[in-house]
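Beneath this line is the structure, given in C-alpha cells, with notes to follow.
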Amino acid sequence: MTDFTRADGRDLDQLRAVRITRNFTSNPAGSVLVEFGETRVMCTASVETGVPRFKRDSGEGWLTAEYAMLPAATHERNRRESMSGKVKGRTHEISRLIGRSLRAAVDLSELGENTINLDCDVLQADGGTRTAAITGAYVALADAIEVLKAQGVVPGNPLLPPVAAVSVGLVDGHVCLDLPYEEDVRAEVDLNVVMTEAGKYVEVQGTGEAGDFGREELNAMLDSAEKGIRELQAAQRAALEA
Amino acid sequence: MTDFTRADGRDLDQLRAVRITRNFTSNPAGSVLVEFGETRVMCTASVETGVPRFKRDSGEGWLTAEYAMLPAATHERNRRESMSGKVKGRTHEISRLIGRSLRAAVDLSELGENTINLDCDVLQADGGTRTAAITGAYVALADAIEVLKAQGVVPGNPLLPPVAAVSVGLVDGHVCLDLPYEEDVRAEVDLNVVMTEAGKYVEVQGTGEAGDFGREELNAMLDSAEKGIRELQAAQRAALEA
Amino acid sequence: MTDFTRADGRDLDQLRAVRITRNFTSNPAGSVLVEFGETRVMCTASVETGVPRFKRDSGEGWLTAEYAMLPAATHERNRRESMSGKVKGRTHEISRLIGRSLRAAVDLSELGENTINLDCDVLQADGGTRTAAITGAYVALADAIEVLKAQGVVPGNPLLPPVAAVSVGLVDGHVCLDLPYEEDVRAEVDLNVVMTEAGKYVEVQGTGEAGDFGREELNAMLDSAEKGIRELQAAQRAALEA
Amino acid sequence: MTDFTRADGRDLDQLRAVRITRNFTSNPAGSVLVEFGETRVMCTASVETGVPRFKRDSGEGWLTAEYAMLPAATHERNRRESMSGKVKGRTHEISRLIGRSLRAAVDLSELGENTINLDCDVLQADGGTRTAAITGAYVALADAIEVLKAQGVVPGNPLLPPVAAVSVGLVDGHVCLDLPYEEDVRAEVDLNVVMTEAGKYVEVQGTGEAGDFGREELNAMLDSAEKGIRELQAAQRAALEA
Amino acid sequence: MTDFTRADGRDLDQLRAVRITRNFTSNPAGSVLVEFGETRVMCTASVETGVPRFKRDSGEGWLTAEYAMLPAATHERNRRESMSGKVKGRTHEISRLIGRSLRAAVDLSELGENTINLDCDVLQADGGTRTAAITGAYVALADAIEVLKAQGVVPGNPLLPPVAAVSVGLVDGHVCLDLPYEEDVRAEVDLNVVMTEAGKYVEVQGTGEAGDFGREELNAMLDSAEKGIRELQAAQRAALEA
Amino acid sequence: MTDFTRADGRDLDQLRAVRITRNFTSNPAGSVLVEFGETRVMCTASVETGVPRFKRDSGEGWLTAEYAMLPAATHERNRRESMSGKVKGRTHEISRLIGRSLRAAVDLSELGENTINLDCDVLQADGGTRTAAITGAYVALADAIEVLKAQGVVPGNPLLPPVAAVSVGLVDGHVCLDLPYEEDVRAEVDLNVVMTEAGKYVEVQGTGEAGDFGREELNAMLDSAEKGIRELQAAQRAALEA
C-alpha cells in the first residue's frame, strides 16, 4: 500500500483547495461561490415572507433547498431537467439532503414565520458537489440572516454554528478524503458526512455499490471525514470574518 | 433512564414480529409479502429480456427497483403520485436505495443480459417500510432467479447470500431497534443499515433532523442494527428453505 | 355448440369463487380484499372532511374513486403510471366507472359535507378487475360509513342497498359469465353490468371490438349478468353480516 | 305524462337537424363538419404510413382517434388541456370510444400497414358530441379511404358499411332521442348506442348517475336509438353520394 | 427581376382574399372565423369575472390569449399538444404575441375587473396564421365588449380602434405581402407587423433565418406591411358595421 | 426633454460596461461569462456527434440553444422551472431567438454532422439578458469551433463573422440604448436587434406593450442599436484575440 499515490498529488487525508467567495451575485440576501478544487457551486439564500402550509401558525420559520446541475457543468453535457420534464431521483435526493443539513444550522423558532430558500447550482462538477453545496450554503445562510436582522424582519438570533460536509471514499482499498470525479467513479465505497462544529453528526451516508465495507473501514472513513470537516469549518469562519 | 418502556412492550433491541410469505401473487417470477409488525410490503421480482442502454453489449444483467406507497397505506390517505403527476423526492430516494442494496445481492455477470425489476408496494405503513422492502425483496429476488435458472435463461449462479436491512433510532435518548411509526416521528435520530450476511455494510444512512448525534451513539446504533439484521437474515433463510 | 367447455370447467353462467375479506388493512376506515377467482383487488374507503369546490355549501357529501394496477399484477409487468408520467386512458375510464357506480350506493345528502375516497388497487389481475373492484368497494364503503356513524361525523344514514358488478362475454358464440383473462382476450363481445339490489341498472357497457352483437345476444348477456349479480349481492350481504 | 313537451318542440323520438359537410378543410385526406342541431364537430381522417409497434409486421393497418373540445365550445369556457397539462378522463374515455367504434367500420386486413388518425374537435357543444363525432368520422374515414385507393396506397377495399351513433335519455321519465345539453344535464339516464348498418351493436353504454333504470326502460331506449341510427346512416349515405 | 410571378398570381403587395365571419359559433361572447386565403382561424373572446392575481385590486381588467393548431390543420398532421404533454415553444411565442397585440386594442382601465380570454384555433393553415389570428381576434373582442356593455358588466368604453397584422417576406429577393405556406418556407426573411389604425407599430418582428437583411429591405417590407394593414383594418370596420 | 438623465449617468446611446471572460468553466468546448453592467450570463457551447432527425443524412450540422434564469438571478426569487414542471413561454421564446441568431453565425454545411448546444444561464439579471446571451454565445461558439477544428472533427471552416445583439427602448420618450431592469420596466417600447458584422439584420423585435411607436421612433431606435452593436462586435473581436 506504500506506493499508492493520488492523481493530484494530495495526501490521503488532504482536502482540495477550498475557496469561499461571498457576495458572488447581488440580488439574493446571501450569495456564495464555493469551490472544492475544480468543483464550483453557486449557493444563494433568498428570503420569503410566510411559511409552507404545514408550518403555518406555528410561530416558526422554515428552510428548504434545491440543488441542480447546469447542463454544461459535467464533462458530457447533461440534459436540462426543465426541458426533459423529469427531475432526476439523484437531484431530489441531494436537494433533500441539503435541506435537512442546513436545518441543523438554524433555530427555526428564532426565525419568525419566514422561509429561507437555498439554491445550490453547480457551475462546474468535479466530484463532491453535494458536500461543497452544504458547506457553501451555510455561508450564504449566515449572510441572509444578517440581512434579515438588519431589516428587523427576524426577531431573534436564528443562526447556529457552522455545519459543513465532506466526502470520503475507499479507492483501491485506501481511505481518501474529498474525492474528485476521477476517484469517485472508481471508489469501492463512498461516504458523505455532515457535521456540526460541536463534532456531532447531522448526516452519515455510506454507500458500497461497488463493494461492501466493514466496521473498521467505516471507522477509518469517519475519522478522515472529521478531520476534513474541521478544516472546512475553519474556512467558513474565515470567510464570514473577512 | 431505567423507566423507559416501548409502547408495544418490546425490548430496546428486539425486532417486531417478522413474517415472510412467498408466492403471495402468481404472475411475477418472485412475489413476497413481508411484514415487520404492522408494516406490510408486497415485493415482486419480474424478469425482462435485455438490459438498459448503458449496459448493452456488456454481457451483464441489471437490476432496478421501484418503491411506492398505496394511497390508503398511511393513517391519513396520501395522494396517488400518478394522479398528482409528481413523484415525491422521498419515493425516488427509497427506490434508489432499494436498487443499490439489492444489486449487492446479485452477481450481474452471472445473470446474462436480463433485467430484474423489483417492485415494492407498501400495503400498510407503520414505520420501517424501506427496510422491510429490502428484506422482502431479497426473497422475491431469490425466487425469481430460481425460475430463471429452471427456464435455462440464466447461465450462471447470480444469487449472492442474503442482504437485509433494519432501522434503529434514538428515542428519548435510547437506542431502539426497528421503529414503528409512533416512535419514528418522535425519534431524534434515524439510522437505516443494509448489511450482507458476511457482516459488511452495503448502506449506512443516519439522519439527525431533530437532533445531531455523537460517535458513541452512532456505534451503539450500529451494534443494535447488526443484531437485528442477523435475525432478519435467519428469517430470510428460513423462508427460502420452507 | 354442445361440446363447448370452459378451461376452468365452470358452467356458462357460473361465477368464479368469490371471496370478500374485510379489515384487510387497518389504516383506512374501510378496507377489503375482494377475489373473483385469481383476480384480487384491494379496495379501501378513506374519509376526508370537506368536499370538492363544485359541492361546497351544498350540504351534501361526495364520493370519488381511483383505480390502479400494480406493476406486477399482470402476466407481463406493466409500467408504473407515476413513473411514465402518463395515466392511461383505460385507468381514467375505469376510475370514473367505479365512482359513478358507487355513488349509486350512497345517499350524498345524508353524508354531510364529507368526501369518501375509494381506492381500488389490483394486486393480481385475471380478468374482471373493474367488476371485482366495484363489488368489493361497496363493502369497504359500508364499513367506512359505519365508522363515520360511530364517530358521529355522519348525521344520517347514507348507505343504500348493495351495488355489484359482473362481466359477461360472447366466447366462440357462447354467453359466458365472469370472464377470466384467457376468455376475455378472445371474447367477441364484452359486457359489464352494474346493478342495484332492486334489480335496476346503474351501468351497462357493452363493447364489440372483435365483432358486433345483436339484440338477442344482448338480452342473453343481460340475463346472465343479472343472475351473477344476485349471487354477488348475496356474498356482499354475507360478508357484512359476518 | 301527456303534457310533456321538449323545449325545442321535437317529438320524443325525433333527431335534431343533421348536416354533414364534406371537404370542410383541405389538408387532411378526409374532412367533415357534422352538425346535430347546435352541436358542431370537425372530424378529420389523416393517413400515415406504418403502424404502431403492436401491429408491426402483421400485414394489417390500424385506426386510432382523438377527441377534444375547443375551449370556447361550451357555454362556460373550459380550460385548454394542453395548457393545464392534464388530459381529462372524459376526453380519454370518448377518444377510446370513437376509436373502437370506427374500427368496426374498417377491415384492417385490407388497409395495408397504414394508420388512420381520426381527429374529432368540437367547435360548438350542445350535447351528443361523442355521437356526432362517431357519425361524422365515418364519412371522413370513407373519404380518406377513397384518397388512399386513388393513390394506390391501399391494396384492398377496407371500408365497411356505415357505423353511426346516437344518444337517448330518460328525461322526467320519458325516453327522449338525441339529447341537447339542456336535456342532458337533467336526464336521469343517458344511453349512447353505436350500431352498424346491419343493425348490430358496436357499443352500448348506459349510465344512470342520477337514477337507475329497469330492463323495460332499457328496451325502450334501445328501440328509440335504433330508429335514430337508421336515419343517421341514411344521412351518411346521402352525404357520401352527394 | 421583372419575370418574378407569385404562384397564385397576386401582385407583390396584394393581400389574399380576406373574409371575416362574425357569430361563427354561439357560446362565446365573441366568435369570428377569419380567412386569409386558405388560412382559416376561429377566434373567440370569452369573458370571465375577476382578474389574475397580479392585477387584483387594481380596478383594471386583463386580456390574455391562447393560440393552437388543430392536428389536421397542416399538410402533414401535427401531434396534439395535450397528448404529447408538451406545448411547443412556437405555440407559446405566438400566444404571447397575440395577447400583447390585442392589449393594444383595449383600455384595461375601462374594462372593470374582468378578464377576456381570446382563443385562436387554426382550423386550416396556409401561412400567416398568427397575423390572421390577430386580425380576427380584434373583431371577436369588439363583439365581446358589446355584449359586456349590453349586460352592464363593463362600466366604460374599453374598445380602442382596430389593430391588425400582416406578414411580409423576401422571396427570391422580392418583397411579397401576406405569404402563403409555399412562399413562407422559401422566404429568406419573414417580417410580421402589428399596427394600430393610427399607423403606429404595436409589434415588429423580423427574422432572417435563411438570410439576413439590410435597412433598405426592412424599409421596403415595412411599407408593404402598412399598405396591407390599412386594407385589413378596412375589412375589420366593414365586418363590424355589417 | 433637455433635463432627462439616466439613473446610472450614461449617455442615451452609451452601452453599459461590457466584459467577456473566456474559459469561465472548463468542461464545455466553449465557456464564456458575459456581463452587460450588472447582467451576467454564463454561455457555453457543447458539441455532440450527430444531428437531430430532421437533419440526418443532410451532410450538415445543427445548432440549438437553451436559455434559463437561475432562481436567484432576479430581485424576487423566481420558481425553478424544473420543479414547477412548466417551462415558461418567455423562456421558450428567448431560447428560440438565441438559436436563430447564432445559426446566422455558423455555416452549417461546414460543420459536418455535429450538433452544437448553446446553454445561456443567467446568473444575475438586470435587463438585456437575451442580448447579452447572444453576444456572449458567439464567443463561446467561436471557442468551441476552434476545439472541434483542433480535434479534426470539423472538416471546414464553419465560423462566420460576429453576430451581436442589443436592446433599445423608449423611456419617457427618449431613445435609450441597452436598458437595465429599472428602465426596462418603465419603457414604453422595447426593441431587440440582432445584427451581423456586415451590418445586416438577423432579428428585429420591437414591442410596444405600454405604448405604440411611429416609423420615426423606430428609425431612431434602429440607429442607436446599430451603434451599440458595432461596439459589442469590437468587444467580441477583442475577447477572441486576447
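Side notes on the structure shown:
Which chain is which? They are A, B, C, D, E and F, in the order written, and residues in each are numbered from 1.
As a convention for this text, a residue touches a chain if its C-beta (ideal position, glycine included) is under 8 Å from a C-beta of that chain, and two chains touch if they have at least 3 such contacts.
All of these numbers come straight from a predicted model, not from anything done at the bench.
Here the chain-to-chain distance from subunit A to subunit C, counted in touching steps, is 2.
Taking the definition of touch as given, a chain qualifies here only if it contacts subunit A and subunit B alike; none does. Copies subunit C and subunit D of the same chain sequence form an interface built mainly from equivalent positions, shared numbers / all numbers used being over half. Residue contact pairs shared with A-B exceed half only for one pair among D-E, C-D or B-C, and that pair is C-D. Computed centre separation for the pair subunit A/subunit F is 33 angstrom, with centres defined by C-alpha atoms.
Each chain gets one centre point, the mean of its Cα atoms, and the points for subunit A and subunit D are 59 Å apart.
Computed centre separation for the pair subunit B/subunit D is 51 angstrom, with centres defined by C-alpha atoms. Along subunit A, residues 85 each make contact with two or more other chains.
With the ring opened at subunit D and read toward subunit E, the chains come in the order D, E, F, A, B, C.
Within the complex formed with subunit C, the residues of subunit B that make contact are 25-28, 31, 38, 40, 42, 44, 46, 48, 66, 68, 70-75, 77, 80-83, 85, 87, 91, 117, 119, 121, 123-125.
Residues of subunit A touching subunit B in their complex: 88-90, 92-93, 95-96, 100, 103-104, 191, 195-196, 198-209, 212-215, 218, 222.
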